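Got some structures for you, see below.
Okay, so chain A shows up in both of these, paired with chain B first and chain C after.
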Partner chain A sequence: MAAISPEQRRIGKPMPRWRKLLPNYLFLVPYFVFFFLFLAGPNVYGFYISLFNWDILLPNKPYLGFGNYQELWLDKLWWLSLRNTVLFAALTVGGNVLLGLFASVLVKQQPPGHQILRFLFYTPVVLSVAVMGVILARVFNTEFGLLNYYVDLVGLSTQKWLGEQRFVIPILSLSTVWWTFGFPFLVFLAGLLNIPEPIYEAARIDGVNRLQSFTHITLPLLKPVTLFIVVTQFIAHFKVFGQMWIMTLGGPGNSSYSVVMYLYDVGWRFFRMGYASSLAFGLAAIILVVTLINFRFLGGRVEY
Partner chain B sequence: MAIETRTQEPTVDYSLPFWKRKTVLHRIDMAVILLLLIPIAIATILPLAYMFSQAFTPEDQVRNWPVEYIPREPTLDSFKLLVTWPNLPIMRWMLNSFIVSTSVTALVLTINSLTAYAFGRLEFPGRDFLFIFVLTTLMIPGEVTLIPTFVIMRRLEWLDTYNALIWPAGAGVFGIFLLRQFFQSIPRELEDAAIIDGCGKFGTYWRIVLPLSRSALIALGIFTFLGSWNDLFWPLIALNSNEMRTLPVGLSILQHEGYTMQGLGMAAAALTTVPVLILYGIFQRHIIQGVMVTGLTGR
Partner chain C sequence: MNTVHGLSRRKFLLGSGGVVALALAACAAPVPAGDTSQEAVAPAMPEALEVDLWHGLGGADGKTFTELVGQYMEENDHVTVNEELLTWDIFYQKVPSSVIAGNPPDMIITHEWAIGQWGPRRVLSAADDFYDSMGVPRDDFIPAVFENIHYEGSPLGVLLDTHGSGGYLNVALVEAAGLDPASPPTNRTEFVEQMSLLTLDSQGRNPTDADFDPEDIVQYAFHSHFWRRWAMLEGMWQNGGNTVNEDGTQATIDSEEVTEALDFWHKMVHEHHLHAVPVGYSMTDSYQNNTLGLAIAGSWWRNFIQDSNLVDTTTFWRVPQYGLVEPVAWMSAHVMGIPTGTDEEGTMGASELIVWLSNHGLDWARSGQPPARISLQNDQVLQDHWHTGNFGSQFQNIGRTEQQHANITEIQNAYQQEFEAVITNVKTVSEGIAEAQLRVQEVLDREA
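Let's turn to the complex of A and B:
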């Protein structure tokens, strides 16, 4: 009787568990290299940097503990930029939600050409902020801008739209609404198309008029979509930089100076990387708080 | 008798779109809706029309009132000036933008689809933990990583190179989330059949799952390309030599460094925009569906 060789024995023996699972993990290896190098790593490293007086040009970087955060708390320019940014974000989100909702409710009725309108409304969203800024800086130019041309045409007095403190943030907001309202518009439209038509039919039979069906059916059923839009839009517009960077450079005075502009100046004009990092974490904390508040007020389940 | 007369009343077929319904009331509705929507559409298009018209207007006429949307003497002077201006290598900027955006798109599609396949279709211990771990990073705004990533790039001596703009995109999370969702909707049976036919796990991913996910991959690809093409902040930080700039950075420099000629800036803006508008025109269905189904932003 011939002895069974080890090779023969291996046939029929199940593969060890780790051999079977190894390829599954291999699929993840490339991503996790990037993940740790450029996402998770930098998040932790950023916090570490924020504990130091980290001037990128100097060899020694003294440890400060939470000194940067204390300085931030007392920094007038931080609070001013925060005030500007909150104002800008609130106006922009409000404008975007109202205009997006208004346009989507009308487009949902499918007037002739509704697909062309849908296409047009989203067009500005695909532009770069740099392009948008260059165009709208010309539109709102004091001497030869498009807006002043029409203002003059209807007989009103022309204004320094981007050169006056009381106008600058609302004008930047208006520009941003022009640029981005196509996004909430499409998301609202998708939300509206998801509301089952029989609900409206039933209401119509019960003698409910259009305004009532809008306030009692459409708005409550759009709550989750609205929450999604308000949260994502607030986060996006709270990080505003490009519009100011191109159109106003934070002026006049510091009246349109935003948090991310301040971050840019601290980090890349003054090279105070530690302080800039603490500023970034301040920004993150505010975004988190506002998101939670939104969930508190707009959250909650919707029942059909 | 009474019942019969009631059936004579004009009924509205609500399954038809508004404008095909024959009642007068609905035609009035439709007219009112258009009356409200058309001004919005005009306001959306006007600034873009203004950009193109200014780009083709002779420099000595760009400040003229009344504004002419169709220039009386259209000219390519601004474009010619832009292309030949020694300090504004706009063709090089465009090349940079193309190289960076294409590489970023290829990188994101490769890495994210591999990862999404593992998270969505394979089973192994720790899978859900890892997925949630990755998702939680979405809570932290990207601004937090700017400074540390800059410091890392400086150590690697990748600042002012394509590397600084391309590689960080590999850590993107959103595509994983999107593709995982899509992969999970593919029927299992197709994969099982492939495995019986002797396909390995990679073979199944490559030959079955990817081809079936074309539309999701196109949507992700387009959004990634647009996002990278349009990005201003990170390239502004990571690049400093003139010939390494991408188009948006070049455009912002043009705006700041005292190039007071109107036509020049508008011509540069138009050159930056045309590729984007072409892409939008070709892939509008994917883009609009992408936003409506997944809430992708496109920036």
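Let's turn to the complex of A and C:
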């Protein structure tokens, strides 16, 4: 009788469970390496830094415990920048959702030229924030701006659009909606096309008019899409920086000074990385709370 | 066997592991600059030198600087200068990062006012050698400026120029207002009187006319380009005030002198309508389009004036005396320095370039920036130039630099934001003064 080779013996024996699963985990390793190196690691280190008076260039970095967070609580500029940021984010997300939804419903009806409309709605998204900021700063320029030109042409009094506290956040928000609503538009359009047509047909047979169909079928069935848009848009717009930096430098008188602008100033212009880190964690906490609230109100299960 | 195009899963995993290991190895900490453990012998003078130079000369003066670097490389064909132009904000962020990372450029051009923050943070190497053995004369600079680039007794670089603010006057508009461009105002009263004739509404009326419409202004009398800082500093200095006391321990913003200066600026904008609400207003566009009488701008504007074909219609006025005590003009300087951690070869190349640039101040003056060396500033050809000669004389006579401080940027930011809030009517003068005082004092106390 011929001897059984080790290969034949191995074939006959069932592979241990861990050996079976090992390749799956090994495939995940590259992702986790980069995740820990570039995301989780810096976050943990950032929190560690926030416990110190961490001037990036000075050798002495005294431990403060939660001193930076106490300072944050009492910092008027933090609360002011947070108020500006929340106002900007709320207006921008609201504008993006409404305009994105309206545009997607319009395009779904396939009116004449709908393909051009789709192109036009999405085009501003491809601009960089610098280009968008420079263009719109000129539109709203007090002396030579396009807007004041037309305002003057129709006989109204011109305004200092970016130079007045009451206008500045709405204008920045409006500019950002023009620039970014193409993304929610596309996602809403995909969501609309995903709603089965027989549902609308059945409703029509039951005598439901278009408005009722929109409010009782379209909106509820778009809830998951809306949740996705609202959550991602809030996160994106809470981190606003470029528009303000280019168009107003946070002015007039800090009226458009955002949290991330403040964070940038503290960290990179004043070298106070410890306090800048606590600002970052403060903002992250606010974003987390807002996200949870969004999930609470928009996160219901949808079945059809 | 489970393979895809001949590649087994085992081989794929091994390969992936190798790639990750390589990536991690690539992230290894760099060898610290100056570590010569593997080089027992100091390198000999290399035949070819390469200099990495970072600066923020992106204004109208930038093109002259690039020409100058080109000229240097033509004259010294063994040197290649890799010029990296950054916006000043990015520059002030990248320089410290590069020093921490142990990979700084070989040379930077920074500002005189920033030396106070670079010194204690050890960003720049001491530059005594330039003065002791490389022929740069210590006594050929405006003393106040040269003093300001010292830290712990050593200069941290070599001054390239003396720059700052000055007036660019639109001759045609001034003459149209019935004023004489050759007779600038000598005090605040005259200044306000003359400027009042330069602001016009769309019906051609001045602020002194009873039916003047402040909502319909088509031409402003004057504007300060860096109104948040220079204009405010000039105003308080001309009144005898300052942002902090001499030893940098007490904020002095709530003094009568500073309050009066801020109140004056607020009136210039909202009561006399001589200066536009600055946010959302482009001084450059207005001056180019002949809707601004007097632009208080930097000495680096010369190329802008030239390129905009405004030389024939522009003349120089020194910074007007807005204040009540004495005329003062804000000034600063560009400083050429070698960052801490630059290697020997880089230091060698940078040193040659710094000395060359210092000696070629007259060429640099083509940009409009008066050379740092007084002997060059006083050169007759330069003195006769309508722009650069006047700027140079102004700085020598009434120029003043900012007080150095380790946290100067944070101090500047604090009062600028509050003063802007006042000028844009977000806060009252007393609110802005109180808040600026509090914020600057917090910075000083933290430093203490």
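What we mean here is this: the second predicted complex is superposed on the first by the 268 of 304 C-alpha atoms of A that agree within 3 Å, B and C clash if a C-alpha of one lies under 4 Å from a C-alpha of the other, contacts with A are read in each partner's own complex, and residues count from 1 in each chain.
Here, a contact is a pair of C-beta atoms (placed from the backbone, for glycine too) under 8 Å apart; a residue touches a chain by one contact, two chains touch by 3 or more.
Because the structure is a prediction, the values reported are computed rather than measured.
Visitor: Taking chain A as the common reference for superposition, should the pair chain B and chain C be classed as clashing or as fitting?
Guide: Superposition check on chain A flags a clash between chain B and chain C.
Visitor: Return first, second, both or neither, reflecting whether A:Asn60 touches chain B, chain C, both chains, or no partner chain.
Guide: The answer is neither, since A:Asn60 touches no partner chain.
Visitor: Report for A:Trp268: first if it touches chain B alone, second if chain C alone, otherwise both or neither.
Guide: So A:Trp268 meets both chain B and chain C here.
Visitor: Identify the partner contact of A:Asn209: answer first if only chain B is touched, second if only chain C is, both if each is, neither if none is.
Guide: Touch status of A:Asn209: no partner.
Visitor: Please tell me which partner, chain B or chain C, touches more residues of chain A.
Guide: On the superposition, B touches more of the residues of chain A.
Visitor: Output check: A:Phe144 vs chain B and chain C. Expected answer is one of first, second, both, neither. What do you get?
Guide: After superposition on chain A, A:Phe144 lies in contact with both partners, chain B and chain C.
Visitor: Between chain B and chain C, whom does A:Gly46 touch in the aligned arrangement: first, second, both, or neither?
Guide: first
Visitor: Give one of first, second, both or neither to describe whether A:Tyr31 is in contact with chain B, with chain C, with both, or with none.
Guide: In the superposition, A:Tyr31 touches chain B alone.
Visitor: Where does A:Gly253 make contact in the superposed view: on chain B (first), on chain C (second), on both, or on neither?
Guide: second
Visitor: Please identify the positions on chain A that touch both chain B and chain C, taking each partner from its own complex.
Guide: 23, 27, 30, 33, 37, 56, 137, 143-144, 249, 268
Visitor: Contact residues on chain B for chain A in the complex?
Guide: 14, 17-19, 29-30, 33-34, 36-37, 40-41, 43-48, 50-51, 54, 62-67, 110-112, 114-115, 117-119, 122-125, 127, 130, 134, 137, 139-152, 154, 167-168, 170-171, 173, 176, 200-202, 205, 226, 229-233, 236-237, 247-249, 251-252, 254-256, 262, 265-266, 268-269, 272-273, 276-277, 279-280, 284, 287-288, 291-293, 295, 297-299
Visitor: State the interface residues of chain A toward chain C in the complex, per the touch definition above.
Guide: It comes out as residues 23, 26-27, 29-30, 33, 37, 55-58, 137, 140-145, 157-158, 160-165, 248-255, 257, 265, 268-272.
Visitor: In the complex formed with chain B, which residues of chain A make contact?
Guide: Listed in rising order, the residues of chain A that touch chain B are 21, 23-25, 27-28, 30-31, 33-35, 37-43, 45-46, 49, 56, 99, 102-103, 106-107, 109-113, 117-131, 133-139, 143-144, 146, 149, 152-153, 178, 182-183, 186-187, 189-190, 197, 201, 228, 232, 235-236, 239, 241-242, 245-246, 249, 260, 263-264, 267-268, 273, 276-277, 280-281, 283-284, 287-288.
Visitor: Okay, in this complex, where on chain C does chain A touch?
Guide: 9, 13, 16-17, 19-20, 23-24, 27, 89, 92-93, 96-97, 99-100, 117, 120-123, 215-216, 276-282, 285-286, 289, 291, 407, 409-410, 413, 417-418, 420-427
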